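What follows is chain A paired twice: with chain B in the first complex and chain C in the second.
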Partner chain A sequence: MILEAIVFYIFSAVVVGAGVGVIAARNPVHSVLFLILAFFTAAGLFILMGAEFLAFILVIVYVGAVAVLFLFVVMMLDIDFERLRSGFVRYLPVGAGVGLLLLVELVLIFGTWEVAPKRLSSVPVYARARLTNTRALGDILYTRYVFAFEMAGLILLVAMIGAIILTLRHRTEVRRQRIAAQLARTPKESVEVVKVPIGEGA
Partner chain B sequence: MDNALWTLYARPALITVGEVLAIIVPLLVAVAYLTYAERKIIALSQLRKGPNVVGPFGLLQPFADGLKLFLKETVIPSGASPVVFVIAPILTFTLALIAWAVIPFAPGAVVANINVGILYLFAVSSLGVYGIIIAGWASNSRYAFLGALRSAAQMVSYEVASGFVLVTVLLCAGSLNLTDIVLAQRHVWFVVPLLPMFVVFYVSGLAETNRVPFDLPEGESELVAGYFVEYSAMTFALFYLGEYANIILISGMASVLFLGGWLPPAPVVPFTWIPGPLWFALKAALLAFGFLWVRTTFPRFRYDQLMRLGWKVFLPLSLGWVFLTAAVLMGTGWLPGHG
Partner chain C sequence: MAHEALPVLAPAAPEMFLAAAAMALLIFGVTRPNGSARLISWLAAFALVLALLGEFALGGERRVGYYGMFVTDSFSLFMKTLVLLGSALTIVMGLKYNEDRGIARFEFPVLILLAATGMMVMVSANDLIILFVGLELQNVALYVVASFEREGVRSPEAGLKYFVLSALSSGLLLYGISLIYGFTGTTSFAALATLAAGTAAPGIGLIIGIVFVVVGLAFKVSAVPFHMWTPDVYEGAPTPVTAFFSVAPKLAAFALFVRFMIVPFAPFLSEWRQIIVFLSIASMALGAVAGIAQENIKRLMAYSAIGHVGYALIGLAAGTEEGIRGVLVYLSIYFLMTLGAFAVILSMRRNGRMVEGINDLAGLSRTQPALALALAIFMFSLAGIPPTAGFFGKLYVFLAAINANLVGLAVVGVLTSVVASFYYVRIVKIAYFDEPAAPFDRPIAAELKGVLIVTALLTLFFFVHPGPLIGGAKAAAASLFLR
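Let's look at the complex of A and B:
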């Protein structure tokens, strides 16, 4: 088990290092790349805990989709680095205050919170039942938490429709390809044979 | 103590290294000969001869090409971001190789028989976009950047559809493990009940590997060579090897998911004489041949048509098929892995 500990500390060090890199990198694209490294290494930590389903979902959703969009946007932005850095000293007290507040809250929560006090042991159910954790997640998500799950789905659906409605505009000046109309054309309506009498054509 | 160290760590590590080499070396040879096959097949379909000078029938041509690229100078453009510039091709090539860890060649013949193999494959293929987008950005060139943007949009679009295709497959198999998925096809290959999904998966594969007819990211008439226009020598070679390794990977995935992997078409005598790994290789080779055949046959898509196909045709079709599959399986009680 010494090997697991070594791997854990390597991964943790990489996550922390990448996290520092996100805020320390001068180039915003490098920041996003560090963020991706942090996500990816966190997935490695999940695997060490035996949560392989969560690990791969993290990679697929965050690294494979969300971070690609981040990277997309950050690459396209034209950022003025000098102006970004100029306000650093002025905003430092506010930032430090927010950070301190969060730290105090975290300490309060984890110092007093008892996880599921009536549970007999802290070993997860799936580990005792020897289920794969994909099945364990499905078993609990679609039975006990099915309403919460459906509700989350509905909220996301509403958010998606909202985003579409906010950004959708019908531009009349753009000529779009209407494939159905193209396919529905027949020679009869698109070709006209004109008999031009000899000597009278323009 | 020494003995425990050997049995616990050193020996498994050595065995794993051996397994990895046993996959990577044949894979690299296959990649080399896929480039040769591509040139020969295109030549034959255009009534030319193709490479026929280096070695018998030009068989040593891939090695000559490799040697040439190896000896060339790696040029890093001024204004490029050097570290990121070099990481990009390494990333592309590595991702094309590591996906093979979970592909089963025969019962038990797989490096990592993990429970969530299909998610692993999906995760690795969703990372593939990074190599391209990073390359395009780090090159500090407009052509490369435009190619990278096109490619990122294209790969993200087609991944959605191929994700739903994977869902239909795992609904039918009742497992995320690739070996279980192959074994679930003992009676009938999934290509029979899921034929439209096989087509969607294969076409999405063409789009995700940036192959003709979806090769807009490297559309040479508009973008010179797209995202790898600034790359030379080995960095260029790694992109190229990565592309061909991805073709073989998509072919291998399609044969595991839809064509029954190592299983023969029917468990009767003339078919069972051929060993399982050879069946797998034959199926993958047939599908890879399709990639080359498509290249010689179809013209390139227009960009809006490409997006329309991904979002307005494949996505609703595959989503509908997920519902249909689930409904049929629930209605008939064929849902596997229940209980």
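Let's look at the complex of A and C:
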């Protein structure tokens, strides 16, 4: 128990520190690296809570895809981050005010939150069955929610078709390597033997 | 450790077929050389008709599948018939236009098929999750077809505009869904209905959730004040896409709207009625007034659509079985006359180019009397002048409103339809009494001609034998109120 608490506080401190690092770092690449650190540590926190599936997803999707994409964008686009950040001090009071308001609202909402203890024991069938939650999700995702799952697949298919239709252009002026055409060439059509008279070749 | 049993798949068989057909046609299209768009369009229309036959084979009997998430009944059969017919006809009607504009690509019918799959799921959704995924499948396909004419300027703009605004409304819808789930602990319509029947008044959290979902759905059916995207998207999108937008997705979204309000939340009628009444009055008023100043016929049809949504909402505001019957009758008649009107618009070609101005119709009666007659029939019907079908559509919703003690709403409906008839009749006046402009190209494409003749005859002679439609709508409405 004490070990869990120690790990929790270490991870939490690192997440908060990395979060501050994201907005405080001068170099945008460092910001993204801090973001990745925050994701990793948050994944650790999820594992601590027993939600290992969320932890995997956080690492695979957010670190593996989203953060790398951010890194690409930051490196490829020529954005003047210094200029974007120039008004930081000027807008600080407004931002702090909005943040305070949100905090008050959240406290108001969660302050009145009541958990019905009876509901907790009646709802989570899978939790009681002592499955890992990856397995529990898989168990219902492909049975009870198979229709929604397949529909989501169709939506992705349509998105892919759409992206191709709207952006693919067959450019005729570009010379592409066509290996089949290259291999199909014969000496007869590619090589010409010319007899050059001796002494007259320029 | 209990494993879940296999879900009941049969009720969704037509949807599965349609999705499989779309993918098969996609592969077929990719492997064929260019220029097979026409063949694939006809195949896609054929697949839609097969799916419709599948729906008829399932029948109007209530079947529940996928652990209660998916339902087919008379209501879904009725709406799916309209949605599938609308999708198939717009694919066929757009053939010539797409070829003229050089955008005849096989992906177009494939996307319409996938959108139709999404719409069928919307109509049959019996769970908030299914509601959302069906809606999104439809939406994503619509974003793409709206910007299908990608070399143009206005079509990508229309697509982008639709995408941004629609994504926002989907966000609101999803937020509403999450609130409903948070305050009730379920996403199933059946469980929500049990819950609603057992409580006297909904909690404030649930009401806010319902309101957010209503806002999202009102956007999809383009009810005022969530209509802003409609005129721009209608004007910018390629005309066959506009025809598609104004028919199939609108009907599907309306079906979803009706099912969402009636099946789980009918006991809270007094709570949500005022919202629907407001949406209805605002839509009718804006549709009537804003249409007057339009010069572009596609834009005019957009305002006309907004107005008609307002009339259909009257039936929903009544909230009774009679009101829902009125909505269904109204929507099917709207379907007929809008499809016909777009067939006329698609025939407006001059020297191989499409024209869209209202004044381009000047003197049509002298250059092409048959087309002018069809146009006049549709315009009179859209205005709601007897004996055309449009009159009966309005009659049923107004009667339902009066029987539900919403006399004021019915009066507003009558007044706005008088105002709106100005711009419909103005088109007839331009076509019949103005000096002829240069004639349109002839001949009209055969598939357009077919749609024109059938819809014009049905619109004009609806009063002779209205029984099947009214009876079907009655059975469909009754199936929603079964407990």
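Keep this in mind: the second predicted complex is superposed on the first by the 136 of 202 C-alpha atoms of A that agree within 3 Å, B and C clash if a C-alpha of one lies under 4 Å from a C-alpha of the other, contacts with A are read in each partner's own complex, and residues count from 1 in each chain.
Going forward, a residue touches a chain if its C-beta (ideal position, glycine included) is under 8 Å from a C-beta of that chain, and two chains touch if they have at least 3 such contacts.
Keep in mind it's a predicted model, so treat the numbers as computed, not measured.
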Contacts for A:137 in the overlay, against chain B (first) and chain C (second): which applies, first, second, both or neither? neither
Once chain A of both complexes is superposed, is A:48 in touch with chain B (first), chain C (second), both, or neither? neither
Regarding the shared-chain residue A:177, is it in contact with chain B (first), chain C (second), both, or neither? first
Touching partner for A:25 - first (chain B), second (chain C), both, neither: neither
One more residue to check, A:64. First (chain B), second (chain C), both or neither? first
Touching A:148, do we find chain B (first), chain C (second), both, or neither? second
Footprint intersection on chain A (chain B / chain C) at none
If we count contacts the way the header does, which residues on chain B are in touch with chain A in the complex? 9, 81, 84, 114-116, 119-120, 122-123, 126-127, 129-130, 133-134, 137, 145, 149, 152, 156, 159, 176, 304-305, 308
For the chain A and chain B complex, residues of the former touching the latter: 3, 27, 29-30, 33, 36, 52-53, 56-57, 59-60, 63-65, 68, 71-72, 75, 132-134, 177, 179
Residue positions on chain C within touch of chain A in the complex are 1-7, 12, 19, 23, 26, 66-67, 69-70, 105, 107, 110-111, 114, 117-118, 121, 129-130, 133-134, 136-137, 140-141, 143-144, 147-148, 150, 156, 159
In their shared complex, at which residues does chain A touch chain C? 125, 129, 131, 139-140, 143-148, 151-152, 154-155, 157-159, 161-162, 165-166
